[in-house]
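Two complexes, one shared chain (subunit A), two partners (subunit B, subunit C).
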Partner chain A sequence: MSDTLLKLRYRYWPDHLLGEILSKRWTETAIPVFVLIVVALVFSRAIPGFLAPASLGDTARQFGEIGFVTFGMALVILVGGIDLSVGSMFALTNFCALFCLNILNWPVPLVIVATLVAGALLGAVNGILIGYLRLRAFITTLITLIIYRALYDILILEHSNQIAAAFPDTPLWNFMGGGDVFGVPSDALLYAALAIFGHIFLTRLRPGWHISAIGGSRRSAYNSGIPVRSVIARCYVASGVLTAIGALFFAARLGTVGGDIGTGLEVTVLTAAILGGISLGGGKGSVVKAMVGTLIVLLITNGLTTLSAPGGVTRMVLATILVLAAVIDIRWLKNRHRIISKVYVSPTYHGMPALPSTAADSGTPFAQNDRLRRATAIGVGRIEAPEDVILDRNDYLYAGSRQGDIIRFFPPDYERMEVYAHIGGSPLGMAFDRKDNLYVCVGGMGLYRITPDRHVEKATDETNRSLTSVTDDSRLRLADDLDIADDGRIFFSEATVRYEMHEWPVDGLEARGNGRIICYDPATKTTHTALKGLKFPNGICIAKNGQSLFFAETWGCTVKRYWFAGPKKGQVETVLDNLPGYPDNINLASDGNYWLAMVGMRCPALDLAWRMPGFRRRMAKRLPVDEWLFPNINTGCVIKFDDEGRVLDSLWDLGGVNHPMITSMREHRGHLYLGGILNNRIGRYALPDADPTFVQYDVRWGKQH
Partner chain B sequence: MMKIRLSQQVIVFILFVVLFVGFSAFLPGFFRSNNLLTLLQNVAILGILGLAMSIVVIGRGVDLSLVASLSVPAGLVLQMVQYGHSVPAALAAGLALALAFGLVNGWLIAYADVPSLFTTLASGLFLAGLGQVAFFKIDVVQWSAALDGLAVIGRGTLFGIPTPVIMFGLASLAVALFLKSTRLGAYIYAMGDNPNAARVGGVPVRPLIVLQYVLAALIGAFAGLVLAASINSMPTRIFNSTLIYDVILVVVLGGIGLSGGRGGVLNTIVGTLLIGTMLNAMTILNLSYSAQNLVKGLVLLVAILADSFVNPRNEETAQQGDI
Partner chain C sequence: MLARITDRLLGRGEAAVTVPPFDGALKPNQHLEDAAVFAELPDLEDLASDGRELFAAQRTQILRLTGGPPTMHARFDQPITAFCLLADGGMAVALGGRRVEIVGGAGDGYVCEAANGVPFNAINALAATAAGTVLATDGSRTQPYANWCHDLMLRGRSGRVIALDPGRGQPRELARGLAYAFGACQSAEGDIWVCESWRHRLVTVEREAAGKAVLDALPVYPSRLAPATGGGFWLTAFTARTQLVEFVLRETAYRRRMMKEIEPQYWIAPKLSSGHTFLEPMQGAHIKTMGILKPWAPPVSYGLVIRLAADGSPLYSLHSRTGGRNHGVVAAVECAGHLYVLTKGNERILRLPIAEIEAELNQ
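Presenting the complex of A and B:
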């Protein structure tokens, strides 16, 4: 009863989603957005009319002014610095605009240009000091803060009366200060345009990427040829210009040069940037984050002002938010990977029938023996990780290697070897097509093809994205084994979409149906997913009838048959169930049956653990990876089965002395060739009663000369 | 490379002597015993704050909240006594506030890994806001008669020397002893030199960072009491002034590199004398507050530039996010 409940709970409750959602980059923006919604709700409850259109229009106008400054700050933080002088620059450029307009009586366009240039110059001082002279950003901009402020104080002492006396009345200036388009304030329009440009700039354009790269790691950016100093300097100039834009709108709206303009602006803007999730120290941030942060801060300060809180309270609230946001940001950055790795592994219930006996005297076809120990070894110590082996019709022996090569051994003694082709990744399953092309499943890369003249081509590395999955599963992560149907379609398995190749034991610990079978059609060059939700689908072999294929589910300990053509098209039926081990590759045998490699043997401990998801989750959370339960791979075993699912024979290397963990076997001219993904050799076992003329290529594609 | 290595402290001292002699010769009213006493008295507070800052800077940090810990705990003591609380109770409250403030600063920097500049910028704002909102009725808290027993720390003279200066001397002695003669002091130098190496070498880096900020807050509060005693009140708006830049100037000009691990109390004293002389001369020259700030800012900029050439940042031990 409780077992059934457990089964249902793990069958229908999507444990794996939490880790996948947390792995997404957008969750980092989701948190500030959530805070924004909470803040808006709280204030709209406390203050009637807080979110009314009129109030929102005012907020939008201020939002624009502060928003430009936040953009500048965000840019500078993104490149790994900080700009505390924005408040003083704001005051100075505000003064510059009003001075040019009210006292010099310049036309508005010229005023705008002059103000922007002033902002750029002020920013350039910071930029040269920090970018080229490599001063500390924080302390330097703190100093320019007081220098600029002192300048401002001296200037307004002389000119404030003149500025206050003049009332410029030009349409453009008035539009900047108070105009709107369909109720959207003028500065908010420009802000939106700039935000779109900024987003494209940071995510799609090379200079934007340079900025993030420098913020992420200054030294690496330098080593990869990015002009670090000038990019940094230009960021500060940009900060100055953006501040000047904000100041222009401010000047147009209020037209005053009061003593406290821009004081404390740097803290507001800094809070906005950090709160939005732009990481202090650089490298991580986006336009959306800057916008969300600005909105939150603006709502809070406006709300507190409306509630007529004393200035000290606003100060305290801002300081608290600033530190809290910084702490959360820093802790999150530091522990993100740890948190994700803790919650990512989400074991599920996987009940299996009682383990069938494999004892030597059990009388079953699985009875243990040591026949495989007699196998001779090919290429000992010269080849690493031959996951699959295949022979062509000229008796050459091919195997993949850990280094991403396809190695070829020469007949008849297979002593001499050469690198046939280099693909990269981890070459796994292999198959020849009708035209002698060697198709290879490459872990981490996809499906590749080596033409007879040794040319490496990509066949496919993506399939259709499933609509319901959180992670993008369109890319192939672990293409494992393949076979080619008579019509040329290639069916291959992808063992898991949730883990990388070297993490395959973790997928076993999870025992969830993460794998799929994918079909690639060379005729149309299209790829689609045929079956999904499989427990580590591994070996694939087209059945003799040509309308179906056998596939092994490693963690399911089953072999199933999938009909891809004929009257039963689309159906899946179980062929072998409750195997004593974990099945791997399947290949043809000379007597019309099928060979099946066992990558490892089941043991009661893992079987029991598979029925206890909670236990495995605790294990995954509390123990280091190398202390987790691991499937037994110290035994070598190959079995033979027929179309009806009867096991006929089994060959063992019981202690795994010569050939443990056999992942593939291929029959060729009376011998069985054995591959193993962790082995340093290829086995060659003489089959006593096999057809000595059997060549898989000829059986599959007919004899050719 | 120079053959004769002039340490920065010597250069600054020579600079101070030159300035002092120059001002004495050309600035009427500078070299008068009255003015010199004022100079010393003004400089004393700056010097005590400089001591607090130097402890932090030697350990590769910065404390921008020093002015807040100068004004708020001392202001709290004054305010409580005004309200009629007993002096010990008021002192205990002020001490507790400074202690708690230092602990929070230190915890945020050491355990939450927030950069020190950033933490202290925000925490200073917070403490100043707290004082404004919760403690003080008006911006200037008056010295009550009940506190007069304590006034000796800042009022009057001893052997002709103003007591604030004596307090500065005592504090210098204590800090010098701490830095040079105790194991903790040596640890702080090691930590400032290379935090990772210190950690590997078994130095309890995080508790030490907390200790630094606690010490800084306590010294700051002490400076606040001395200031309040000497001017008979605590102007809490001092937080909005540029005093903190003067303190940084003292430390950087004195030769305590911002990259940590270098310098000592002597540097602070020399820096204090130089800055004090400069400020005093500017006051006599009747420069406006803004103009003074401008000059200070430019001098500070030059000092930081020089510092970055004399003590370049160590890229090996600089941390990501160290801004």
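Presenting the complex of A and C:
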């Protein structure tokens, strides 16, 4: 009863999504957005009309002005620095705009250019000092803050009366100060445009990536050839220009040069940036984060002002928020991957029928024997991790290795070997096509092809992204085994989409259907996912009828048949169920049946643990991987089955003396060749009553009968 | 209460599954694995020696092993679970775990089946003291001698130490409520030391309970003790701890279902020997890679003898590590300059020259 409940709970509750969602970068933006919503709700309840259109329009106008400055600050923080002088720069550029307009009576476009140039120059001072002379950002901008403020104080002493006396009346200047388009303030429009550009700039353009790279690790960025100094300097210049834009709109709106303009602006802007989630450590941040942070700060400031809180209180609140946000930022950055690794692994219920007996006296086809003890070893200690083996019509023996090579052994004694081709990754399943191209599934890379003249070509490394998955599953992580249909389409298995190849034990611990079968069509060079949600799909073999394929689900302990053509197209049938071990590769036998490798055998303790997901989840958290309860892959066997799913025979090497695990086998001219992904040898076993002329892929392509 | 809940949630404190490393005097070697095989006999349970001759308990009989092929020394009507030699030439024998008899010597004919009104259940070790009493450890009040693993998995804590006083008085219960008592001895100062296996320690007996620890936080489950020449003792450990077993011991639901649904030999539990079938649970580090099983992989079964100084501090140790065969050491006795080790896991008696090994270890 409780088992049924458990089964239903794990079938319908998607535990695995939490970890996947948390590992998305955008979840870091989600928290500030949540804070923003809370702040908006709280103030709209406390203040009537807080979120009314008129009030919003007003907020939006201020939002634009501060928003530009926050962009500048965000950029500087992103590159690994800080700019405390923005408040003074804001005041100076505000003065510059009004001086040019009111006293020099320049036309507005010229005023805009002059102000932007002034901002750029002010920023350039910071940029040169910090970028090129490598002064500390904090100290440098603190000094420029004081110098610029002093300069501003001197300037307004002389000119404030003149500026206050003039009343320029030009349409463009008025539009900047108070105009709107369909209720959207002028500066908010420019802000939106700049935000879109900024987002594209930071996420899609090379200079944007350079900025993040420098902020993330200045030394690595330098070693990668990024012009670190000039990029940093330019960020400060940009900060100056963006501040100048904000000051222009401010000048157009108010037209004053009061003594307190821009004081404390750096704290407001810094709070906005940090609150939005732009990391003080540099390298992490986005335009959206800057926007959200600015909005929060603005809503709080406006809300408190409306509630007629004294200015001191507002600043105190902002400073408290700044401290809190900085603490959360640091703790989160430090612990993010730990939290994700704790919640990412999400075991599920996996119940199987009672374990069938394999005892030597059980009378079943699985009865243990030690026939494989007679297998001789090829390449002992010279080949490492031959997951699959294959032979061509000239009796050459090919096998993958963990060094990413395809090794070729020479007949007749298979003593001599050479590197046939180097692909990289972990070569796994292999198959010859009609034109003698050797197709190889490479763990970590995808599907590759070696032409008869030894050229390595990529066939495919991505498939269609599923619409319902949280993580991007278009890239191939663990292409495992393949076979080729009569029309040339290649069907291959991808064992898991949630883990990398070396993390296969974690996938076994989850026992979730994380794998899929993918089809690549060389004629159209297209790839699509044929079947999803399989429990570690592994071996693939086209059935004799040419319309279906057999595939093994390793953790499911089943072999199924998938119809990719003919009247049953699209259907999946179970062929072998409740196997006593974990099935791996499947290949043709000379008598028309199929060989199936068992990489390991089931044990009762793990079968029970697979029915208790909570136990496994805690095990994954508390124990190191070396201590985990594992599927036993130290003993394997080879079985033979027919089209109807009857098991005919089994070959064992008990105790795993020569071949501890068997991941693949290939029949060739009266011998069975054995591969194992953790073995340092290939086995060769003489089959007593097999066809001595059988060459699998010549039979497959009708070149031999 | 709250601390216990957070501990369970976060795997801290009581819920931590850490196992101390084999370090210091317990630094691994392969002396036990490489030791010469003295005898290979099935169903051995215990060893004893008077310094000249070696005796072993096999099923219902005591065998004399020195000087030629094994000869029968005594026979009983029940399987022997433990025995020891007495100073006066007699011999104390535990039968079926439920009765202690004395044969020969002054106490000949003495029979004891209960102490403090509670019948014996799993007498697993006997030791003579200088005063002529016999120390007996009764592992569990609920599980019979052979089911020690059940007792561990049920988190048993019903072991006790009993002092038998043949011919002079009633048996006295020296300590009770021990988490599996297995092996006891009298120290040079006259204290009674007892191995509390499930708490991985050697403790003194004080006021009818476990007192201060002589040897604590062992990475193994300790068992019988035997005196060594020159003072001190030989302490055996019948199996080692693993983090997975520690974890399972804290997973009540899993443990209950495992005990109900799975045959004991396939449990996640410490064993006297392992690696016989793929139906046994396998852990990550047990995967043979390139044909090799790492000797530092978690020990499902282990072979270990620790030489203790007179004050109980460990001096050195002899090991048979993961992947080895001489596992499940339940008895080690000294006889004529050699150490004889009974490895119940593979039914062997090993013979190690003590002087040579000490010279080698001291290099």
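Definition applied: the second predicted complex is superposed on the first by the 703 of 705 C-alpha atoms of A that agree within 3 Å, B and C clash if a C-alpha of one lies under 4 Å from a C-alpha of the other, contacts with A are read in each partner's own complex, and residues count from 1 in each chain.
Please note the rule applied: a residue touches a chain if its C-beta (ideal position, glycine included) is under 8 Å from a C-beta of that chain, and two chains touch if they have at least 3 such contacts.
These numbers were taken from a predicted model, which means no experiment stands behind them.
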| item | value |
| --- | --- |
| Subunit B versus subunit C as contact partner of A:Pro505, first or second or both or neither | second |
| Touched partner set for A:Leu8, first subunit B, second subunit C, both or neither | neither |
| Contacts of A:Arg331 with subunit B and subunit C, given as first, second, both or neither | first |
| First, second, both or neither for A:Gly312, with subunit B first and subunit C second | first |
| Which of subunit B and subunit C A:Leu41 touches, first, second, both or neither | neither |
| Dominant contact partner of subunit A by residue count, subunit C or subunit B | B |
| Contacts of A:Pro631 with subunit B and subunit C, given as first, second, both or neither | second |
| Contacts of A:Val323 with subunit B and subunit C, given as first, second, both or neither | first |
| Contacts on subunit A seen with subunit B and repeated with subunit C across the two complexes | none |
| For the subunit B and subunit A complex, residues of the former touching the latter | 62, 108, 112-115, 117-119, 121-123, 125-126, 128-133, 242, 245, 248, 258, 288-294, 296-298, 300-301, 304-305, 308, 313, 315, 320-323 |
| Interface residues, subunit A side, partner subunit C - complex | 384, 505, 600-601, 603-606, 608-609, 612, 615, 618-619, 621-635, 656, 660-661, 678-681 |
| Residue numbers on subunit C that touch subunit A, as the complex places them | 11, 17, 242-244, 247, 251, 253-254, 257-258, 261-263, 266-268, 278-291, 297-298 |
| Subunit A residues touching subunit B - in the complex, by the definition given at the top | 80-82, 129, 133-140, 142-144, 146-147, 149-151, 153-154, 157, 217, 219, 267, 279-282, 310-316, 318-320, 322-323, 326-327, 330-331, 334 |
